[in-house]
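Have a look at the structure that comes next, please.
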Amino acid sequence: MPFYLELIICIALIIGAVFLLVGSYGLARLPDIYMRLHGPTKASTLGITGVLAASMIFQSHLKGAFSVQELLITLFLLITAPVAAHMIAKTALHYRLDSLEKTKNQDMVETIRSREAHNNSSTD
Amino acid sequence: MEGIYAFCVGLLTACGIFLALRGRTFSVVIGLTLLSYAVNLFLFASGRLKIDAAAVLGQSEQYSDPLPQALVLTAIVIGFAMTAFVVILAMRARADLGNDHVDGVLPTNETDTSHRSGGSH
Amino acid sequence: MLPMPFHSLLLFIVWLLLNNSFSAGQIVLATFFALTIPWLVTGMRDEQPKIRKPWLAVRYFFMVLKDILVANIQVALLIIGPVKKLKPGFVAVPIHLDSDLGITILASTVSLTPGTVSAEVSKDKAWLYIHALHLENEEELINDIKQRYEKPIKEIFGC
Amino acid sequence: MQHLSIFPILIPLLFGAIMLLPPISRDLTSQRISAVTGTLLLLISSAVLLFKVDHEGVQLYALGGWQAPFGIALVADRMSTLLVSVSSFLAFAVMLFAIAGRDKGGAYFHPLFMFQIMGINGAFLTGDIFNLFVFFEVLLIASYALLVHSGGKQKTQAALHYVILNLVGSSLFLFGLGILYGTLGTLNMADMAIKVGQLEGETATLAKTGALLLLVVFGLKAAMLPMHFWLPKTYSSASAPVAALFAIMTKVGIYSIFRVFTLIFGDEAGELANIATPWLWALALLTITIGTVGVFASPSLKVLSANLVMVSSGSLLACAAIGSEVATSAALYYMVHSTLASAGLFLLADLLARQRGKAEDRFVRSRAFLQPRLLGFGFAISALSLIGMPPLSGFVGKVMMLQATQTTVQTMWVWPLILIGSLAALITLSRAGTTLFWRHSGSVAPEAEPAKATEIAGIALLLLASPVLVLFGGEISAFTLQAAANVHDILFSAYGLLPGAIQ
Amino acid sequence: MLTITITIVAICICIALFLNLWRLLEGPTVSDRILALDTMYINAIALILLYGIHMGSVLYFEAALLIAMLGFVSTAALCKYLLRGDIIE
Amino acid sequence: MNTLIWLPFLPLLGVFVPLLSARFSRTACAFLTATLPAFALYLVLSYAGEIFQGERFQAALPWIPSIGLELAFRLDGLALLFAILILGIGLLVILYARYYLSAQDSIGKFYAYLILFMFAMLGVVMSDNLIQLWFFWELTSISSFLLISFWGHKTDARKGARMALTVTGAGGLALLAGLLILGNTVGSFSLQTVLDSGDLIKASASYPVIVVLILLGAFTKSAQFPFHFWLPNAMAAPTPVSAYLHSATMVKAGIFLMARFYPALANTDLWFLIVSLTGLATFLMGAYIALFQHDLKGLLANSTISHLGLITLLLGMGTDLAAVAAVFHIINHATFKASLFMAAGIIDHESGSRDMRQLNGLWKYMPYTATLAMVASASMAGVPLMNGFLSKEMFFTETLHQASLGSLSWFIPVLATLGGVFAVAYSMRFIHDVFFNGEPINLPKTPHEPPRYMRVPVEILVALCLVVGIVPSLVVGDLLYSAASATLNTPAPTYSLAIWHGFNFPLLMSFIALIGGLLMYHFRSHLFKFQSQFPANDPKLVFEGVIQSLSSKAQRFIALTENGSLQRYIFLTLVLALIMTASSLMKLNATAGQRPELPVDALTITAAVLLCISALATVIWHRKRLIALLTLSVVGLIVSLAFAQFSAPDLALTQLSVEVVTVILLILALFFLPQKTLKESSPRRVVRDLSLASLIGGVVGTICYALMTRPLDTISTFFTENSKTGGGGTNVVNVILVDFRGFDTLGEITVLGIAALGIYKLIARMRLFMPSSNENGLAWSEDKNPLMLSIISQSLLPLALLVSAYIFLRGHNMPGGGFIAGLITSVAIIQQYVAHGVEWIKTRVKLDYQIMIGSGISIATLSGLGSWAFGHTFLSSWFDYFYLPFIGKFELASAMVFDLGVYLTVIGATMLILANLGQLTTSERPVQKDND
């Protein structure tokens, strides 16, 4: 394997690993469920994309042909991750899970939960 | 590696059996599921462990024993069918008998507060 | 013949992606599935608006990809940084999209991009409620979302 | 007819599958017609197979054209074919009974029935131990589904116990199979029999644990103590045709014990020769004992029948423990007899219960019967047969079993238990009969319905088998003796099935 | 270089998995646990792909694809359960 | 064919005659019924001449050689004697019963039972094979049960019949054991061989067992002490039955048995001791009890017991002459007792009572009957000129000539005389108390003479008593001699059948008996008073009590063991498995074998730790069900990863997809089951279960490790070598599944299909408990189909289907296949259900999942059947490579059709389960109440 390929793969892998770790770290560390959602939804998605890219390059090299299968996994994750996050957020709201005290617009939660239209006056 | 594997199989078996010996259908189902994991891993291991040796011709230099894999596959499917049946049967038992104890009657020395959540009929 | 042309195209590409091959046999199969699968699932769909501006859609897609990259680095830094400095908050974004697909795409985009997660859509579909990990300026965020994402989506579906 | 050996599996499978498809799936009448046709075809093909095996010897059927030990082979020898014929006959008779109305009360009765038969026949015919597992599961899942047929709290509860216990059993089965494959490296039973003889030392010890696990599993199916608990409740709560069909289920366990522990772990197994025997002895005797106690304790006819099934199971296990050709022959004869007789009684109990109003089949005073003579005659036949009194088949089986004991110690244990078991059956059944048929108050219950023609036909077939078994006892026991000789002959039942094997 | 990188990445993913497990066990709410499980699926995908690179084998791709597809289904179902009790209504 | 073979079956044929002819008049029925026995009697008698010459007839046909059973009959002196009794008295009883039975009684049924019994009895006495003898022996028990319980609506009849059956049945079982041992000792089940092997038998170690078992059979049947109690209770039977069974035939079967095996078993100390003492005890006890009966038939029954004891005693004395006397008394007792029973029946029939306290002075009403009864009673008492006197004389003589009890042998004649005294007393009572002794008291009917022909049988029998009593040798000389010779298996000793033997001790004994009996009867009131001090216990009640306590004890025991606790059942099953495996595992010296182990890496350790923690968490939190489900998912995930790591990609894929469907199913179930459970296992239970679980886990782990570290030689190389060339695929696992072991897969999809059908059945009648809020009382969310989920799910469906097509098509050569593809499709459809709800799908898709299962299984089966057309076995696969322009080389294989069947079945089964479950809840969902 040429060095540049190996280097690219390594970089992609490292980036992926870092983001995956950060995503999971955020999940473990952040104080409320709404905040925790951000880690996996974003960091992990990017992280996995890194690993997928590495895999793509590696497999292309291995087979001697362009291997783009991994794009499909990326596609799936890009489509599903926001919905998963949305669903989890819905449950959190439904169960009136506490958000961090300093969260802005906490008074909005009950409106969100009942999916009522937003009342502009309360925004300020 | 084999030691770790065997330990995991043993632990899964123990966990499965412990849960299968509980009194509530759900625990039993979970226990049976754990037990079936253990069984599948065990059956799989009867062909010995190999790494990077998938039994796909041309994909590796040596091949793991494909026969136990085929057996485990069959066992997984059958296990799935059985689990599905017992899950629904547990529901049916709850519906027919009014509680989720495997014997259809609650142990006499306590009251089942979890009952409260059901019983809308 | 082609109940969902866009899907057919997607399926055709995906099939070739999956098989990593552009051989004649695979193209035949890809065509076959591109035609049959939409036909099979066409019953299982609600009517969705057509893409009016495909190019804009492609451009939007890459823009979002870029945003994802940027947003992720920001969020990563936020996560690693001190929690005390974070200013989380809920935001209500007024939206004016007629189609459910459009709303979904917007909500997804919002979740994937800046430090925001779409939490809920109001019943009247006029509000997108989001949670921001670090909310500095609410108005700016709302504006950003509307300009950067809602507008192109509207254009793509032509409504 | 080179494919004859697989007919007993394919016919019910295809009929079962086709009954799920329109137009047959749409109405009950065509389901009934095809079910009866299917079981009749099954019966005919089994009979032809039996004839063929008796005249031409064992029929090997290599599925997919892959020769044993690599592929799965069906082995239609005298033993398996005999039991296949019994199950087919049973299926036909029970189906006749069922189509009179007991097939109502839930969907899919006919296909499930067919699948159940397929599982049973497959378990009898297969020569591959993992395939045996698969067919066990087929017959089990079908029995689960049939058990809950036509609903009711009791059924649900019994089913829950039955299903969970058998799931645990299936797990043990797979553990056992894993061990056996992991030590022997093969799944074909004939091949295993040959390879077991070569096992030594630690590998042999490991294989032994696997074999003993299989004993537990088969014992569970055969209602061997202490795994017998499921039986009385399950059998007595099942609807009549299902219970009758279940009569052969314990026999599948027994059969497997014979296959595995006389063929694979039999006399020729080297270090592992006859490993099951000490366990079988103790547990068989205890099973008879507890079955006998159960017979005494039975409050109703169905429970009584179930307990009688247990006694017969124990007796059969004792035969397996004796492990001689004569004992195996006795067991085979007894299996045929006991399957048909207890099935007949289960069906009869249903008719009785239907004419007794609230008393059902419990041994209490009740309304008079609508058809006392018909039912009484049927009851007398099945009772005599099950007690083991002449002139019906039970006595032949009993005498064969008594004669099979070889040593004084065996005799001292087995004879009293078997004879006391008979006495218990005699006492209980005579009490049952006099109570059911003579202890009446009032007239016929208004809801009593007369037995339908096909119901009578089904029961009659099962009951008539008993005198036939006695009348042709000579021929039949000659057959079972030959079958037993084949099973015990490793040259025949292992090397003979693997042309390539080096002796 | 690749080997070392793979080791490092593997360790990162392992740590990530442990963090997920911790959140799964710690909760405190079911929503947190579901989120943790969902994240675990993603990390598992990474792990499989990494293993494919390590082994130089193409046989692991489908497993990763399947986790991507199916993990979402189970997350969605669990959330629906929390919301509605009945997931197929 | 030899007459002997079918002769005994004549009565059997006759069983159907009364059933068929019952529609005609009673007389016609009786007449027709009698023809076959009469014919049989004629045939039997036709042999008599030659038998008296010392001939013996035998005939045999093979039947069931493996149990030593053959159809073998013999007719020698003893058999002839009994056959004549059975058929002759049987004919008389048929005539008698014609008048005895009332119009309500089903005479056809009665005759059928009677003839059946006759057949059985004839079979017993004519058997020339041990097993066959037992065969008929048991038939007599059964047919007598039917006869005794003829009036089954009466409690007494039921209980009496049951008791008789139980006692004689138990004896029959002992007899069977005895006969089997006997036959095995001799090496033949042929009766003649056995009779000729007396010395061999007596010398064998099993002789005592044989004697005891056979005597148990004989004693129970012949109502010998202590098994005598059933006979008086059998008097609930119609009197013709008593006249037949309880005088001449059935109870004599035991006596017959002793006589039959006399040459083989008698003449040992053991025999003497058991038989003579039993006989003596029975003789005395029966006679004593008879005196106190108020029931006519009770008196006769106990008298029968006594006389049977007398015969037994004779057979136990061990002299040839005693045996002759025994045979003679068999004849005499049959005649006088049968006639007495019939007389009692007439009295009962014509006066409506059998109670001697009511019956008085009947002489005036039925003098003719009274005369007959008095003659018969005199015979019973042993009055000279009657046949009873002759055999009793012989009996007294033999008591004087025996030495069975050594120096105490003189007890026997003394006690015999005492018995004689009682016999005279009760006979006296029968005569005086019934026919004289004042006027009848409260009789239901005014007594009168019976119909003419009802008396005929009595007359014949009484005439016989007299004729035999006066000219014995003329009438029964030959018969007695040949029967005695047959009993002894040698020519009988010389004896004289004269009435008068001069003044001797036996005459004195008879005289003492007569005088003593008369005196005793005269002073009976004192004796009755004495007897009344003893509490009367009804053996019927005692017997029922014993049986019932046995039954209730059994019930208690069963309730104790089978306590309905599944936990116990599983526990015991597992304990057995543990004991079995652990006991052999202890013999394993070292756990580890020689096979080198794989190196450990961090990844594996991580996975293992995750697995273990999750599994333990599942156990710890099993009461918080949803959380347990989540941890279980982790376990499933790790298991899949393990499969992937250890070179089983197919397994990984399968496990992953099955896992998701299982979780969905469990979530569905959770909705209907309680969300949490309280802690309910006692600490002891937990410790117990934990110990068992850890032990089994340990054993499993040990075995697993031991297996993996040992080399293995398997058949699997065959599969890798032939996968491509023989099965046309490079994915060996898949080729095994669809080809090498396709039959397993066919079974497996059938299991899946059946499970779905079964589940459908379960769902169909389910009444669900559906919570309208979660376990904390929080109402469910109102958002039924979240918008984003719906939209995204719709977009995912085509993609998922494409992936499943991909997995399906490549399965043969790469990981994948029909099963996984099927599950992916199912999950995709389930996803639609979750996102949109059942109604939405229902209106859009018309998929019949049941048809999918049916056609899936059919397609798989038919793909296997296709090979028949080419002369191959079921499931033989076919594949070939084709070339098409543009497309190039591609493969077609029958295995793909099979896999298609798998695919369809999987979808059909999974969806049938989930869709139906979903549908049910939707239609029954409770109205939501917002109670927060």
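Letters are used for the chains, namely A, B, C, D, E and F, taken in the order the chains are written, and counting of residues starts over at 1 for each.
The rule is simple: a contact is a pair of C-beta atoms (placed from the backbone, for glycine too) under 8 Å apart; a residue touches a chain by one contact, two chains touch by 3 or more.
The model shown is predicted, which means the values in this text are computed figures rather than measured ones.
Undergrad: Find out how few touching-chain steps suffice to connect chain A with chain F.
TA: 1
Undergrad: In contact with chain A and with chain E at once: which chains are those? Just list them.
TA: The common neighbours are F.
Undergrad: Going by CA means, which chain is nearest the middle of everything shown?
TA: D
Undergrad: I'd like to verify one number: the distance from the centre of chain A to the centre of chain D, where each centre is the average of its C-alpha atoms, in whole angstrom.
TA: The mean C-alpha positions of chain A and chain D differ by 58 Å.
Undergrad: Rounded to the nearest whole Å, what is the centre-to-centre distance of chain D and chain F, using the mean of the C-alpha atoms as each centre?
TA: Distance between chain centres: 16 Å.
Undergrad: Could you please state the distance in Å, as a whole number, between where the Cα atoms of chain C are centred and where those of chain E are centred?
TA: Distance between chain centres: 22 Å.
Undergrad: Which integer distance in Å separates the CA centroid of chain A from that of chain B?
TA: The mean C-alpha positions of chain A and chain B differ by 32 Å.
Undergrad: Going through chain E residue by residue, note those that touch at least 2 other chains and give them in order.
TA: 17, 30, 34, 58-59, 65, 69, 76, 80, 82-83
Undergrad: Touching at least two other chains at once: which residues of chain C meet that condition?
TA: Only 14, 18, 107-108, 118, 121 qualify.
Undergrad: Scan chain B for residues touching two or more other chains and write them down.
TA: Correct list: 16, 20, 25, 38, 40, 42, 45-48, 51-52, 54, 56, 59-60, 67, 71, 74, 78-79, 81-82, 85, 89-90, 92, 96, 102-103.
Undergrad: Can you work out from the touch definition every pair of chains that touches here?
TA: According to the stated criterion, the contacting chain pairs are A-C, A-E, A-F, B-D, B-E, B-F, C-F, D-F, E-F.
Undergrad: Along chain E, where are the residues that touch chain F in the complex?
TA: Those in contact with chain F are residues 7, 10-11, 14, 17-18, 21, 24-25, 27, 30, 33-34, 37, 40-41, 44, 47-48, 51, 59-60, 62-63, 65-67, 69-70, 73-74, 76-78, 80-89.
Undergrad: State the interface residues of chain A toward chain E in the complex, per the touch definition above.
TA: For chain A paired with chain E, touching residues are 1, 6-7, 9-10, 13-14, 16-18, 20-21, 23-25, 27-28, 33, 36-37, 39-40, 44-45, 47-48, 51-52, 54-55, 58-59, 62-63, 67, 69-70, 72-73, 76-77, 80, 83-84, 87-88, 90-92, 94-95, 97.
Undergrad: Write out the stretch or stretches of chain A touching chain F in their complex.
TA: 72, 75-76, 79-80, 82-83, 86-87, 90, 94-95, 115
Undergrad: Show me the residue ranges of chain B that touch chain D in the complex, using the header's touch definition.
TA: Against chain D, chain B makes touches at 16, 20, 25, 28, 32, 35-36, 38-40, 42-43, 45-48, 67-68, 71, 74-75, 78-79, 81-82, 85-86, 89-90, 92-93, 96-97, 102-104.
Undergrad: Within their complex, state which residues of chain E touch chain A.
TA: The touching residues are 1-2, 5-6, 8-9, 12-13, 15-17, 19-20, 22-23, 29-32, 34-36, 38-39, 42-43, 45-46, 49-50, 52-53, 56, 58, 61, 64-65, 68-69, 72, 75-76, 79-80, 82-83.
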